[in-house]
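Take a look at the structures listed below.
Next come two complexes built around chain A: one with chain B, the other with chain C.
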Partner chain A sequence: MPQGRPYLFFLLPCLVFLVGLAAFPTAFLFYMSFTDYLLTRGPYPQGFAGLANYLWLFTSPSEGGSYWVYSFTLTAEYVVGTVAAEYLLGLGFALLLRSQIRGKNVLRVLVTIPIVAAPVVAGLSWRYMYDSSIGIINWTLRSLNLPTRAWLGDPALALPSVMIASVWEWTPFVFLVMLAGLESMPKDLYEAADIDGCSAWQKFRYLTSPLLFQLSVITLLFRIMEEFKTFDIIAVTTLGGPGLSTTTISWYIYSIAFSRFDMGKAAAAGLLLLAILTIAITPLTRRAFKR
Partner chain B sequence: MRPRTWRTLTRIIFTVIVLFWTLFPVYLIVITALKTYAETMSETPVFIFTPTMENFYHVLFERELVQNILNSAIAVVGSTLCSLGLGVSAAYALARYKFRGKENISNWILSLRLLPPISIILPIFVLFNFAGLLDTYAGLIIIYTLFNVPLVVWLMRSFIEDIPREIEESASVDGCSPFGVFFRITLPLVAQGLVATAVLCTIFTWNEFLFAVVITSRNTVTVPPTLWNLVGQKRIYWNEIMAGSVIVMIPVLIFLILVQKKLVTGLTWGAVKG
Partner chain C sequence: MSEKISRRRYLKYAVGGVAAIAAAAGGYYFTQPSPSTTTSATTVPATTVPALQYSGISTTFYCMASPTTDAAKKLSKDFDAMTGLDTHVLELDWSELVAKAMMELTGRTGAIDVCVFDEVQTDMYGPYAHELRDFSDIADPKLLAMDDFSPPIVKLLTTTGGRLVGIPSMCDSTMLVYRKDLFEDEKNKRDFVKQFGYELHPPQNGDEFKDIAKFFQRPKENMYGMSDNWSTPYMVRSTGGWLRAHGGNWFEDWQKGDLTPTIDTDPMRMAMKDCIWFLENATPPDILSFDNALVTQQLATGRSPMGITWFSSMPDLHKPEFSKYYEQFRYGVHPLSGNTGHMGWFIPKDSKHAEAAYKLVEWICSPQNQLTFVQFGGTPFRTSSISDPNILKVLAGGGPWAPNLAEMGLKNLDTAWSCPHFTEYFGWEDFACKWIARILGKSVSIDEGIKGLQKETEDFMKKLGYI
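Showing the complex of A and B:
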């Protein structure tokens, strides 16, 4: 172990950059959230607003307030739904393909392909399939004499439809991580279990699942954080609509800032989101990345 | 049939379903990119048609996607180099030196990437506006360096910790300076990890959407917002959009195949060894 201070030379440039471009902007976000700041009136904050922006977040929309709580709840539903589906499907794919004897590597690459698509591309592809007149999904339903639906145009269906697109894109992430975990498991344990006459279920329950636990914590942490940020897929499919039925929190804050140009309120909404997620994930991160 | 045959049969059926689910949308992107406008608008999907390469030409040169690809390439190369420069040395300090607050610094860096980008882009938009960095290459490179540095630090720290410390120590005993050890011993030993990290930075920057939408407007628009603009038109030319999508996907596909061995480690920030 080298002694002394040379570590500062290695570390400082990076820290200076991150403090300048992440810590300082976060402090500036804090300041912005207490100001009247309409970009349409000028590039600088127009005055001190006190807690008005924060109060606005929690005033109900019918009284001229915001949809912050609504879109946060909607995002939470979105996250729970997509992550649960991605996890179960990804784990299922991994268990299925693990026991494949021939062509395993080719299958692995093929199943991973959705990750290759940028979220924007994934969203576009699904939007084309969901199209109510030229989409392949409605064509299939018509051919089977089943009723067709406006998948992205119906407020009740839009959110699940968008979620499916996201699940399609990110299931391979869970699949890859789980497969890597399964393959790194010691084979002799399973051989010993076979000799002792364990059933497939017993092997899964007592060998596979405990070993998969730590892996699952990490995978879920990554997916929850990523799905919470969902923006791209919403932008290319529904623009938060119809109505507000797919307005996730990122899309909501974006539209306060860049459609209404109300930087003060957007900053309050963004800071609150930042605070909640920081409190929620810090313990998880500690656990997942323990060294 | 005997139970074993049944089991094989179910497995094959499920594998086919899985492949259909993952590959059909991709297949649709590719064939739509080869269709004419009329064929894409047909209510009955056209599966048999004469493929045309015209969409690629059209989207690249008449819609000038080639300029956006160039913008993306500048953002990718600039930010990947900057994030490696800043991140690898920080990773070395975190992996090899002992000092107070090390794990806190490390966790703070990680949190920068896990936390919502929409929150951080608001003040950055305002500050870039003051500094005249909106819609510039410098602005793009700065924002993507910020985006990628945490990944570089975490991944490279895990790769560096994987090399036995004794090699560096013996070089140090032989009179090599700390910087000599870093450049001549450590870096060559983690070359493979360095390449994998660079590839992941490239992919993330290439696909990134939100930052690009916020800070670019005319001159430096990257590829993902351009595809978004194409569906914002009154008439949606799906054939051209899908041609553009194919162009976006090909480099990522090649890169992913190149780093396949380190992919799981990379995607989980070193938390899972693939």
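Showing the complex of A and C:
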């Protein structure tokens, strides 16, 4: 390894990048979260607020439970539902399309198509499909004399509808990762299992699952972090509504920052989310890289 | 080794490429709307700027994507040709524009020379660090014909401190739109009299509004009485009309600077009950997801025979390619109280080319250029437009509905209410909309919701020093 100044010199661009685009903004965000900072009142924070912004997150509004807790809980439900569905479907497709079936290559391409579309395009497409009067879903239901639904207009259905759109878009990611994992498994183990007379389920349970475990945990980690950040699909489909039924935590933080222009509270909300996710995900991360 | 292309083939490709580019450019050019050569009724000097005075100067113009912006782009090109100015127009979606403008002003980047804004933001952008230019002292009354702007617009673009910070660019308010053919249908008229005891006509008040919406609520025919923008970010504006109709208001008197909340009141309770009644009896089941575009769609597809939407959206309804009912839409005054949404152009104090920017705005908003806005599918914003035959010939396709549209568009201003003006209005609106959404979604009772909103508003206003 090189010693002395030349070594540091080569590190400098990377350090500038990290400090400028990561460390400094995070530190400033941390500082902002303890200040009164209304953008409409001036370009700089107006004063020190202590823990008031954090307390506000848990006490606003005064009736019916805080929005932050509500949004976080809603997002957690959203994440659990979408990630579970993506994983099961992705793994299912990978197992199916790994085997020698006719048209395997064509099917692999078809399964991968959704991920090619930009999230905004995918969201808009689903929005039009869900439309009550001109959407293809209700048109199909009407043609079959089945009752139609207000998919994005009914508070009870809006979140599941958005979840379906998200699962449709991101299942291919899980599929590709799982397929890559399955393809890289040693074939001699399966041959030995065949010789021993193992059933398909036994092979899956005692061979495939343990071998895929680490990859599965990493995939789930990625998806959990991504789904917690979900914003684009909400922005093009429901804008957090109807009511508050799709006000995920990202959307809530965005509304504090860019509707209220209250940067102090938005910073506090964002940092609190970051802290919770870091604490929750760390054991998973350790587990993933331990085995 | 690559094959060498022969000279003949190379020439063939080059000519083909140039022809394709020329065809595309020609196609673009000839499909752009070309304004007619008729002039508006009022004639004033084109501009006071000597030719090519602004050569070498560049201005940045922030706009919301809309027909008004298309017209402004065309007019700014004309101005550039006369004066040598180089105008860059940046078109953004509305919510993105508000956030971006706030960032640029707060950061004092000087990036904006002219920006469109909603009258409700008049006090939001000033009077703090990022102030806006006061036009009272520089606006040339003759060139701008200020008395030809509807007085409510000018008033609402003036801050509570008395500074005129916006030149009107569009006058807009919500209004009633209805299907003439359904209202004139003999069977509908007979059935309505039988059911309600009076003649079927465009609703004049809240009770008639409810009756007529209920009458047209026919889910089996995929028809729903009334459509309005009831998406969560819009709740304050869409329910405010009901509050006003019952004699209530959000604050005591914001125009006099009294921002004491007046939400926990009987008018508010009655307003919420009316809104819930509509949700249960006379609106499409998915109305809570409707933004302005979806409301227009409901009307265009015939799913709602009656609706509340913006004056500026109406020309679209009269396009045959947009709606097969394009000849049937007519307009009326909002039966409760419409909401204003006037737009203005502002110039920040830290604009590097404020004088050039002002002259540009003066040119764009001058009376003679009003026709251009209408030719591009926009709506007129000068009082004289109602009787200008050149404008009526072009407005919304120039059909028999045009005089009715022009008249009602400007008449709604007399009764329309404006959202309260104070710097942190959007912050208040954000949580107010959430409370109202919870009331209408029945996750809190009317009483709980109203008391909760009153308390949160009081805390908010006290913290900001308004009460």
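Miscellaneous remarks
Criterion: the second predicted complex is superposed on the first by the 263 of 291 C-alpha atoms of A that agree within 3 Å, B and C clash if a C-alpha of one lies under 4 Å from a C-alpha of the other, contacts with A are read in each partner's own complex, and residues count from 1 in each chain.
Basically, a residue touches a chain if its C-beta (ideal position, glycine included) is under 8 Å from a C-beta of that chain, and two chains touch if they have at least 3 such contacts.
None of the values given here were measured: they were computed from a predicted structure.
In the superposition on chain A, contact is made by A:Gly153 with chain C only, not with chain B. Once the two complexes are overlaid on the shared chain, A:Phe261 sits against chain C while remaining clear of chain B.
Contacts of A:Glu86 after superposition: neither chain B nor chain C is touched. In the superposition on chain A, A:Glu227 contacts neither chain B nor chain C. With both complexes placed on chain A, chain A has more residues touched by B than by the other of chain B and chain C. Judged by the touch definition given at the top, the superposed model places A:Gly243 against chain C, while chain B stays out of reach.
Once the two complexes are overlaid on the shared chain, A:Pro119 sits against chain B while remaining clear of chain C.
When the two complexes are overlaid on their common chain A, residue A:Ile218 makes contact with chain B while staying clear of chain C. Residue contacts after overlaying the shared chain place A:Pro61 against chain C, while chain B stays out of touching range. In the superposition on chain A, contact of A:Leu11 is made with chain B only, not with chain C. Taken together, the two structures place residues 43, 133-134, 258 of chain A in contact with chain B in one case and with chain C in the other. Residues of chain A touching chain C in their complex: 38-43, 60-64, 67, 132-134, 150-155, 158, 238-245, 247, 255-256, 258-262. Taken in their complex, chain B has these residues touching chain A: 11, 14-15, 18-19, 21-23, 25-26, 28-29, 32, 40-45, 85-87, 89-90, 92-94, 96-99, 103, 105, 107, 109-112, 114-120, 122-127, 129-130, 142, 145-146, 149, 153, 165, 172, 178-179, 181-182, 206-207, 209-210, 213-214, 224, 227-228, 231, 238, 241-242, 245, 248-249, 252-253, 256-257, 260, 263-264, 267-269, 271-274. Within the complex formed with chain A, the residues of chain C that make contact are 95, 98-99, 102-103, 106-108, 124, 128-130, 222, 231-233, 284-291, 297-298, 301, 303, 423-424, 426-427, 429-431, 434-435, 437-438, 440-441, 443-444, 448-449, 451-452, 455-456.
Those residues of chain A lying in contact with chain B across their complex are 1-2, 6-11, 13-15, 17-18, 21-22, 25-26, 28-29, 32, 43, 93, 96-97, 99-100, 107, 109-122, 124-129, 133-134, 136, 139, 168, 171-173, 176-177, 180-181, 184, 215, 218-219, 222, 225, 228-229, 231-232, 235-236, 249-250, 253-254, 257-258, 263, 266-267, 270-271, 273-274, 277-278, 281-282, 285-286, 288-289, 291.
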